[in-house]
Amino acid sequence: MRNKNLILGSREFSSRLIVGTGKYRDYDQTRQAIEASGAEIITVALRRLNLDNPNDKGLLDYLGKTYTLLPNTAGCYTAKEAVLTCRLAREALDTTFVKLEVIGDQKTLFPDNEQLLDAARTLVKEGFTVLPYCIDDPVICKKLEDAGCAAVMPLAAPIGSGLGIRNPYNLMMILEQSRVPVIVDAGVGTASDASFAMELGCHGILMNTAIAGSGDPVKMAHAMKLAVEAGRLAFEAGRIPKKLYATASSPVEGLIGR
Amino acid sequence: MNVIINGERHEFRRSMTVRELLGELKIDSSRGMAVAINDSVVPKQEFDRAAITEGDRVEIIRATQGG
Amino acid sequence: MRNKNLILGSREFSSRLIVGTGKYRDYDQTRQAIEASGAEIITVALRRLNLDNPNDKGLLDYLGKTYTLLPNTAGCYTAKEAVLTCRLAREALDTTFVKLEVIGDQKTLFPDNEQLLDAARTLVKEGFTVLPYCIDDPVICKKLEDAGCAAVMPLAAPIGSGLGIRNPYNLMMILEQSRVPVIVDAGVGTASDASFAMELGCHGILMNTAIAGSGDPVKMAHAMKLAVEAGRLAFEAGRIPKKLYATASSPVEGLIGR
Amino acid sequence: MNVIINGERHEFRRSMTVRELLGELKIDSSRGMAVAINDSVVPKQEFDRAAITEGDRVEIIRATQGG
Amino acid sequence: MRNKNLILGSREFSSRLIVGTGKYRDYDQTRQAIEASGAEIITVALRRLNLDNPNDKGLLDYLGKTYTLLPNTAGCYTAKEAVLTCRLAREALDTTFVKLEVIGDQKTLFPDNEQLLDAARTLVKEGFTVLPYCIDDPVICKKLEDAGCAAVMPLAAPIGSGLGIRNPYNLMMILEQSRVPVIVDAGVGTASDASFAMELGCHGILMNTAIAGSGDPVKMAHAMKLAVEAGRLAFEAGRIPKKLYATASSPVEGLIGR
Amino acid sequence: MRNKNLILGSREFSSRLIVGTGKYRDYDQTRQAIEASGAEIITVALRRLNLDNPNDKGLLDYLGKTYTLLPNTAGCYTAKEAVLTCRLAREALDTTFVKLEVIGDQKTLFPDNEQLLDAARTLVKEGFTVLPYCIDDPVICKKLEDAGCAAVMPLAAPIGSGLGIRNPYNLMMILEQSRVPVIVDAGVGTASDASFAMELGCHGILMNTAIAGSGDPVKMAHAMKLAVEAGRLAFEAGRIPKKLYATASSPVEGLIGR
Amino acid sequence: MNVIINGERHEFRRSMTVRELLGELKIDSSRGMAVAINDSVVPKQEFDRAAITEGDRVEIIRATQGG
Amino acid sequence: MNVIINGERHEFRRSMTVRELLGELKIDSSRGMAVAINDSVVPKQEFDRAAITEGDRVEIIRATQGG
């Protein structure tokens, strides 16, 4: 799976960075940060319309460019809730793409993998392009792939924690087995985390807090764009092996005065 | 007719279609919005026909910022 | 020291990546990789001219663009050798810039810090712009700064080892005290290492093997360019704090069906 | 005259200036090259005057690839 | 949960190290290593009796001392197989203790958490004291606890890999929530790994390969005994905080010659 | 250098843990913690006698057992001060053993390696058994060894920082080259740090703050005793190699129901 | 009677109790051993009564080394 | 006689040996203690002979807790 582009379902994307739209100061900052990130896919949440002010301009009205929207099921704790949310998303946004989350624990926001699998199986049957947020467990990732998911999106660390890639070994095992793209979802804290994930061979990264929560979201979005590209290029180039001892970079012949 | 809309109780004189309800609530049924009645999504093309009746739970959602 | 550019002595550079010219397959690859790296400063070694073939074209004839040359003293084991090499370099290349190395051990290529200090003090007096390759020790870095060096260039790991930033704590201590630029010299293995060093606040990175020894040096050079930029931007933007637990990226208000 | 050039012994009929030696060795004294006699660098502008004499150690170097 | 002893179901153990009996050179070495480890609980596998030689002496005949046997379900890939194995174990060994494993993947030997939960629920109802080998996921650990397991036994790294505690963050989250003992099962490579897990607050460690596969299993068993005790004591004592800068250990008053 | 005991100069010690005597609550706690640590060598500082109360009982009067005293030169910033302190120590304590420290920076308490080498050379000539606190630099360690030091004592992290073994690679390089014992001095935070250092092959560990600054110094001293022993045993036994994938601990033959 | 014991086919003249089968196979029914017929465990106290009949799958297991 | 002892100025009527000074200061010259005059250590066996004179810097130290 060394495609030049990121392939999700029947679609192809040249950016490997997917960004969330939450937690920005305002819509202007959201728009600028997304532009700086170079992302083609952006996640959105679905929430109840405010009946007291039903027609105020929303996020989508502010984004100048057309992005591929990836509705999420954030906040769902059961397969049933998540499936309903996906169906609403398809109707609202006219897309089959969904970022499937089923939360299992409020404190860690770790997924409930039983409910997740259940929802994924249902949604695939209904024709959704399912991108599931899951734990970095090769067994669960395999089941999600077998269920027909278009990618697997293991967490690298808790959502919003910024802890980075806590367990590269699990990602390596998932990458080795996987026949669908592996997208790191959650946990990235800074640019080097993004590069590192891509160097492991991950096919993409989804992030939100690392950009929106930084001191300068537009600048950090730009950093993340470059970091994802850098990591991908480094992966494709093939890094030097690690070794304990030194190797001279300058010729050892022709030394002066010897 | 009593219905629950987005978790809150509303009272109307008569039963309505989804289209009528949206009109009543002054909601523009544009892109980025969807409706479910009792956990079943109502496709947009059904808005004119789908009826809301006594006791229904109606969800009216739209896309918003999220990660 | 949050200048937009990298300031070394009286000169200013917009690229924060300095690359070596050793270990490439041929001059063509060298040229292409250097171009892809975006570097403005490149290191060169000084070696005895081959008397049997004194006028064959050399590296400098192959480089299309004009770079700032940074002659090194690689292979010198004493202050005396290093000082002579620097004087020859100044004469040969018409520059006061020198990357000062005094090797203390053949296996690790770690510097001999006593000899290094000695050479640095001499060279500064002679008007050189001294960039010393040193161990990541705040005490030695302080002495080098006090001796008048234009930067300090602590190693992150042995030359050519690709082990990455082995001891970020030492770099942090050096960065906090330093009034001259801190450039990581040696040890970077891949793009995320470069980003990480820049995120710590380092002012630049010097590398050679990580690019020249990779599977595709031109691609890796490009990766390193982006990684250094990404790391710098992330540093400037200010990353999110790390924390153990999760924070939702989507609103917790307006959840469907609750 | 016996001199050591770049670590190897060379014999010449007569003593010479640096410029003459370079000519003898067919070395283009262009950019990227420097000369030291007995660990002292000879500035380029001195090439015509600086004399090489019996027993001198001469280093002729140039810039090459390195990290 | 800061009991002096390790409490599993209705029983109490003063050693916090549980050891496996596999992979030793011979029964003699097994016996000596187990003794050196100080373990009170040892795991055993259940396998088909060899009908061609049905009465040869087995492991249990060689162990001088009486240990608490913990039969495992290694090699089971479904809840059904695991449950049958546990029932056979209870009959064969007259114990309700079982180390429940349901493998989900032959290469990683990671558990199949769906099948695991299923088996755990069945076995708890049948009165077993279930100690499940599971992934280091707080959500699954919570479900296993809720199902009535007597402990949770998250893996630290793949069985036999010796990679150590790959993700201390997940263990910390599990420890914080858990009301049953948390025993690290699988992944420990050497003594410091065991100390580290105990310092996080884990209540016990189960290991096999790290001892049996080492160069000197009896010596390593002794090392592990001390390491588990050291880690537990350090946890109970409470370590010093980490900080970047130094604090003198000698008085700063009364310095000579100042 | 795989002696059973720790050999320093002409003396041999069965404990590989050296402990400091600073920062305890009182002399009673000091005594109990030292006893629990099993240390045979303890460090002491030399300070000006308080002329107003010249004969109050001091530390040495409180220690029940006879320890080998290792006077340090903590607080010295020059070779001259350190040499004088060592001479005073020899006179006061009738020992040639000295822990040689020459501090280069008040904030990090990192050594000034130039001054350190200078002092070491002087003291060795005067017949001292010099144990120098130095940076973890193989070049400096080699010079100290060549100067005749009885051991080298590289720091693992700043004194009192508790950061643990920040750069195991440097220690590995030092261990590989060294013909005198390598004792980690400074930086250990908890038991697993001590085990880890010993597993690398270090010959001993010197610590103070990690014990005296812990929540329960006597318990932590005991933890450290066990951790040092555990790490040494693990080093001698030889750990299993690390690998990414799993190896079953139970037989794969004779599986039930297949 | 044909039965599968530990995955292999065995033939016997007649049907037997578990106790008889163990005797036939010269297996000491001591501690550390258990029997299942068709995935159901046979308690030791049932060995004298539990009958093995044509086509049964019998598992005879014991504890062995494992991690 | 003015001398600096442990960094502080002291005045005495007359010059003294080290032994006498210690007596004056009521210091028990037991194990764990040493004296230097002007950066030179005075061996214990010299205490009776070594003289302290006008302007000397005297250090009297002992071992104490330290890491």
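Each chain gets a letter, A, B, C, D, E, F, G and H, in the order it is written, and its residues are counted from 1.
Here is the rule we go by: a residue touches a chain if its C-beta (ideal position, glycine included) is under 8 Å from a C-beta of that chain, and two chains touch if they have at least 3 such contacts.
As the structure is a prediction and not an experimental result, all values here were calculated from the model.
Touching chain B and chain E together: A, C. Residue contact pairs shared with A-E exceed half only for one pair among A-C, C-F or C-E, and that pair is C-F.
One finds 34 Å separating the Cα centroids of chain C and chain F.
The distance from the centre of chain D to the centre of chain F, with each centre set as the mean of the Cα atoms, comes to 55 Å.
With each centre defined as the average position of its C-alpha atoms, the distance from chain B to chain D rounds to 93 Å.
The set of chain G residues touching two or more other chains comprises 6-7, 39, 59, 61, 64-67. In chain A, 20, 22-23, 45-48, 72, 74, 84, 88, 107-108, 110, 158-159, 163, 169, 173, 208-209, 212, 244-245, 248-251, 254, 256-257 are the positions where the chain touches two or more neighbouring chains simultaneously. All chain pairs in contact, by the document's touch criterion: A-B, A-C, A-D, A-E, A-F, B-C, C-D, C-E, C-F, E-F, E-G, E-H, F-G, F-H.
On the side of chain D, the complex with chain C involves touching residues 5-8, 25-28, 31-36, 39, 41-44, 59-67. Listing the residues of chain E that touch chain H in their complex gives 248-251, 254, 256-258. Of all residues in chain G, only 6-7, 39, 59, 61, 64-67 touch chain F in the complex they form.
Interface residues of chain C facing chain F in the complex, by the touch rule stated above, are 104-105, 107-108, 110-114, 117, 135, 137-140, 142-143, 157-158, 163, 166-167, 169-170, 173, 177. Taken together, the chain E residues at the contact with chain G in this complex read 20-24, 30, 43-49, 51, 54-55, 58-60, 69, 71-72, 74, 80, 84, 87-94, 159, 207-209, 212.
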